[in-house]
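Multiple structures are listed underneath, in structure tokens.
In what follows, chain A forms one complex with chain B and a second complex with chain C.
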Partner chain A sequence: MTAQAIPASSPPTTRQGFRFTPSVMMWPALLYLILTTQAPFFLTIYYSFFQRNLQLPMASYPFVGLDNYIGLFKDPQNLSVIWNTLVLTGGVLIITLVLGGLLAMLLNRPFMGRALVRTILISSFLIMPVVTAVVWKNLLLNYDYGFFSWLIKALGGSPVAWLTVHPMATVITMVSWEWTPFAMLILLTGLQSLPDDQIEAARLDGANPWQEFRHIVLPHWTQALEVVILLETLNVLQVYGEIAISTAGGPGVASTNLPYYISQKLLVEGNIGVGSAAGVVAVILTNLLAVFMLRLINRNTQVGGH
Partner chain B sequence: MKRFALLSALLVGTAAQAATITIATVNNPDMVTMQKLTPEFTKKYPDIQVKWVVLPENELRQKVTLDVASGAGSFDVATVGAYEVPIWAKNGWLNPLTPMFAKDAAIAKAYNLNDIIPGVRGALTVGGNLYAVPFYAESSMTFYNKDLFKKAGITMPVQPTWQQVQGFAAKINDPKNGVYGICLRGLPGWGENMAFFTTMVNTFGGRWYDNNWQAQLNSPAWKTALNFYVDMMKKSGPPGATSNGFTENLTLMSQGKCGMWVDATVAAGLLSDASSSKIVNSVGFANAPVGPGTTRGNHWYWSWNLAIPKSTKQADAAFKFLTWATSKEYIALVAKTKGNWAAVPPGTRTSTYTNAAYKKAAGAFSSLVQNAINSADVTKATKDAVPYTGIQYVAIPEFQALGTQVGQYVAGALSGQTTVDQALTQAQDAANKVAKDGKYQK
Partner chain C sequence: MTTVGTTNSQAPATTANTPKKNSGQAGKIFLTFLTYVLAFIFFFPVLWMLLTAFKTEAQAAAIPPVFTFSPILHNFSIALQTYGPALANSLIAALGSTLLAFLLGLPAAFALAVYPTKRAQGVLSWILSTKFMPAVGVIVPLYLLFSRVHLLDTLPGLIIMYTTMNLPLVIWMMHSYMTEIPFAIFEAAKVDGAPVWWEFLGMALPLSLPGVSATALLAIIFAWNESFFALNLTTSNATPLSIFVKSFQAGESQFWAQISAAAVLTVFPVMLFGWIAQRQLVRGLSFGAVK
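Let's look at the complex of A and B:
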């Protein structure tokens, strides 16, 4: 049936053979994308089924099936690595959204020197992660000559060895400091596209500031929030430099996240098999989280909006 | 057509004339100097072109390992650590140098292999064949602050014991004024806290494995050593020591904040350098402390060496470079260029330590460094016999992983996250798993 229907509906100009449609022109680009993005990923999956250590001779790398994966999940330490990754990402998301949102609302009001304040607030986003870590570790958090120690001592308290006592909280603080400007910028853009008359109408109807925020601002922010949450989740899941420089994943594994763990397996140990398996787990986790986050934000903001 | 012929003639011509070698090395200051001195090498061997790949340690290690393991042959000379040389030699990844020295009498005579410190040579020899030549070598020693010692009314012996060190540390410790009794590595990593802590375990009478590859990390010696380390660091060390590695401790020490520091001999030169150290006039040097278990294994041994991967097609040119860069002549060249004998690559040649100019420039520590390197024996570092070589590492491919993992447990105990017993139970399991998975245990 369909086989007969197609020639009838196809344009008469194309008689036979190769049809040069616009979609054909996309093939090279598509092929390029497949080669550059999917091939490495499939290779990673392939390697994850082998027991392979760079330091051992080529000849001896047996196929071990799912052993690398089973090993990953059997070790209770690795579960805490996954947990750390979630805590880090979640913590940074919450902090940057709250701080970024507040700053965005502040910057949405006209005041003297707003452009200058905005530039200053953005600057921490423009600093490279490794530089951030070096500055925080040595200038701010150092027990002996760090700024915070000086401040606490000046106020009469006793300093804290942040990186040892609160390693995860410190990393979350550092990463949040970097990403707050990003959240602020996107949320500010969202606010600026909110028509004034909507707010006015709400105020005329007697909405208090909370109701105004909950029913006008928040629903309007949906798209901006989605962008922030999605991009930040993807980026914060990959945090590496800050951890490598400041805590080296320690003490114990208190601040080891998945990327740092993978780099340990690959760079330090040369363990291709386990590193690849962890890489595949990280990809799956990232996708799951991204989908989950989007669903959550969609449901919450849209239900309340109408 | 004519142009093509000309071009190919040109290409063939240059290929026949000049060999190009690619050298992979670490971005440590001594190697950067080597790179800068390339013109001197090409002056001597005008027919050899030199290309450099200079990277941080971890990246270099990964890149070179991948290259030699896959036989890609991108590097003609590779910079290889003392840990890797025996492993790679056994894997058949390196060209043995002994036959090359035998073949080239002129180079062999000028080079004088007997001048290389015996322990250093031994660490690079596998089955009677030399597989690499040392670029610089280091051991460990104790640094102390003479001013703080004088203030506390104590003196440091040339060979302190850990008990004495503990006592000194307690006397000097004055955290209210930002002065700590002792600074030691706490940052996790096989080359960070475990390099130091393994020497402590050794001299407390412990070892990683017994002769049957049964892990010994829950033995009394490990327990005593870890308790001692954690206890001393909690009482008289800087807070937050789990984030202190070599660099951080160097800063603390050179700012006059530590009474003592036990670490790599390379720090001796840095602490004596007025441009980076505030304690140039008060820094003192002593041997690394010995523990209650044995006098062995308190010094560690590390070297960066030049080797020729099996995959190279330019073995002869590579051999010329490697014998040039580790020669007596090169060491003198560095001294001349830098105008300072204390800045030469240390720890490789006896002649450096008998050189009057070197003795004068590095007199305060040169004999201690030489002694530390001479007494570091990678084959006899523990009280009881072991099936592995290495002092602050176990020379098996899996050790980078194991050492780093155990380093995390040790840091966990130091920060108080776990108890010493918990840390050692975890460490013992990890070490036994490695021995079983690697089929070392029979």
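Let's look at the complex of A and C:
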């Protein structure tokens, strides 16, 4: 699935002379990853079959089979949490790909101050999620004193309490703001490896800008797009700090995604069983979505390419 | 604004420089102008945070917003009173986890890059696949385990989780740097009778030192900016800077200038690092897939 070709350094032919095989050297790392990811995940699966709550003074934790999962999918509120997670990820992906691609194309030309503009543009990616949320919530989006409220009023509109009226759109905006530089950087690097003569040849053949983009730039972008989509999917599915600070998942569960839901189940309710079941769902969702996205990109960029 | 890290060496000759008509020239100027405008819009929240940090509280909450004011340092002096412990926690967690990730990851990257067995591709894919495991898939058992062995709200607890987060990055990036070393060098050393540990410590490591610094910088940035484990696994003793910033917006009374000063103190070191390392950023962000 994640087949990145290993740039082959010429393979060793003789290894018999060494006291220990070098492959031993990777075991500490592998063991560490097994102990901190694989093993706990199997425990998460195990817990998800039990009714267990840290706040209840119970000696026994009854086995409930799939009840936690059934409960999870029966409650429409929980379904909307899963839906929110998908909307957030999909929304951020679309916005960052479009904006990041646009910025990458704009930056892929020589002009004065290009290095400075690039430096400025990556800043939002370097800001920690908690600070993003604090700054947007207080300084920009505050209904009474926020900069945007003033801007909208100055332009003749009436201000909006963004965090309560459009909580999900607001979270998508913040997360997109953070991840657009990532898409831009990777896509820009992809563009810069595109040979000039390909574009020249296409222009000589009379290609219009759209055809040029569709048949030359887009196929060439495949690898960069793959990286952006895969890593953004993995990371945006895990968005937590922005939501925890700006909307606290609310109002109601309007901006609650799976990570926030699970942390609430665990830290606030102490509900180990349901939290674990939601954790398993999150892992399955992550893998399904990542594979699906990669399939999508591979199909769309290869048709008509080359 | 300081432009650290000049990026002009990134082969600027990408667009066809065939001289076109006048309209083409106007178009180019427009596109450059558009780029500047978009960059300003994107940077505005950061700029506004920076400006607010130097205002009085009254100026910070003023409507219409105050654009010209005489900057004060009062907010920073208040934020600095509680900044120290959080900064220390963030530094220890970021540096500690980066160090541990390198101790574990460097030998693995060396083995996978210089002595790839048939399974190397599979092992690398598996390492990357641990990234497909969201933190929420492991948080429940780890939380229970940590609370039992008293790792909750401790720096070792944070370091353990950040190492898990950064280890795949370290292995992939260092693998990508180490495969670029010509294998003939190792063969020559082997002929001279050099043991494997010397090939690793004496040759592969020094030759991939630029990769080490780029990777370390990224790992530190990621650990520094992490919020899920910070918000879920720490409460008071081991709280890093993210919690420090959060604490400033507690309660009903809003001190925007103070919040901004705290935020500036928190993001500035990392932003500076990121600006300096922006050329290596791409390789690291893409796990070495895009160079």
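Here is the rule we use: the second predicted complex is superposed on the first by the 271 of 306 C-alpha atoms of A that agree within 3 Å, B and C clash if a C-alpha of one lies under 4 Å from a C-alpha of the other, contacts with A are read in each partner's own complex, and residues count from 1 in each chain.
In this section, a contact is a pair of C-beta atoms (placed from the backbone, for glycine too) under 8 Å apart; a residue touches a chain by one contact, two chains touch by 3 or more.
Being a predicted model, the structure only gives us computed values, none of them experimental.
*Asks:* Have a look at where A:A254 lands relative to chain B and chain C in the superposition and call it first, second, both or neither.
*Replies:* first
*Asks:* Tell me which partner touches more residues of chain A in the superposed arrangement, chain B or chain C.
*Replies:* More residues of chain A are touched by C.
*Asks:* For A:G279, is the partner it touches chain B (first), chain C (second), both, or none of the two (neither)?
*Replies:* The second partner, chain C, only.
*Asks:* Contact-wise, after the overlay, does A:A224 reach chain B, chain C, both or neither (first, second, both, neither)?
*Replies:* Second partner only.
*Asks:* State whether A:T164 touches chain B only (first), chain C only (second), both chains, or neither.
*Replies:* first
*Asks:* Contacts for A:G206 in the overlay, against chain B (first) and chain C (second): which applies, first, second, both or neither?
*Replies:* Touch status of A:G206: no partner.
*Asks:* May I ask you to decide whether A:S246 touches chain B, chain C, both, or neither, giving the answer as first, second, both or neither?
*Replies:* first
*Asks:* Now for A:Q55: first (chain B), second (chain C), both, or neither, which partner does it touch?
*Replies:* First partner only.
*Asks:* I'd like to know which partner A:Q264 touches here: chain B for first, chain C for second, both or neither.
*Replies:* A:Q264 sits against chain B, while chain C stays out of touch.
*Asks:* Taking the two structures together, which residues of chain A meet both chain B and chain C?
*Replies:* The answer is residues 137, 144-145, 266-267 of chain A.
*Asks:* Under the definition above, what is the set of chain A residues touching chain C in their complex?
*Replies:* Touching chain C from chain A are residues 1-4, 6-12, 15, 17-26, 28-30, 32-33, 36-38, 40-41, 43-44, 47, 103, 106-132, 134-140, 142, 144-145, 147, 149-150, 154, 177, 180-182, 185-186, 189-192, 194, 196, 199-200, 203, 223-224, 226-227, 231, 234, 237-238, 240-241, 244-245, 258-259, 262-263, 266-267, 272, 275-276, 278-280, 282-283, 286-287, 290.
*Asks:* Write out the stretch or stretches of chain A touching chain B in their complex.
*Replies:* Touch list, chain A to chain B: 53-58, 137, 143-145, 159-165, 246-254, 264-271.
*Asks:* Quick one: in the complex, what on chain C touches chain A?
*Replies:* Residue positions touching the partner: 1, 3-8, 10-17, 28, 31-32, 34-36, 38-40, 42-43, 45-46, 48-49, 52, 60-65, 104-105, 107-108, 110-117, 120-121, 123-145, 160-161, 163-164, 167-168, 171, 175-176, 179-183, 190, 195-196, 200, 221, 224-228, 231-232, 241-243, 245-246, 248-249, 254, 256, 259-260, 263, 266-267, 270-271, 273-275, 278, 281-282, 285-291.
*Asks:* Hey, which residues of chain B end up touching chain A in the complex?
*Replies:* 58-59, 61-62, 65-66, 69-71, 84, 87, 91-93, 178, 186-190, 192, 238-243, 245, 252, 255, 257, 397-398, 400-401, 404, 408-409, 411-412, 414-415, 417-418
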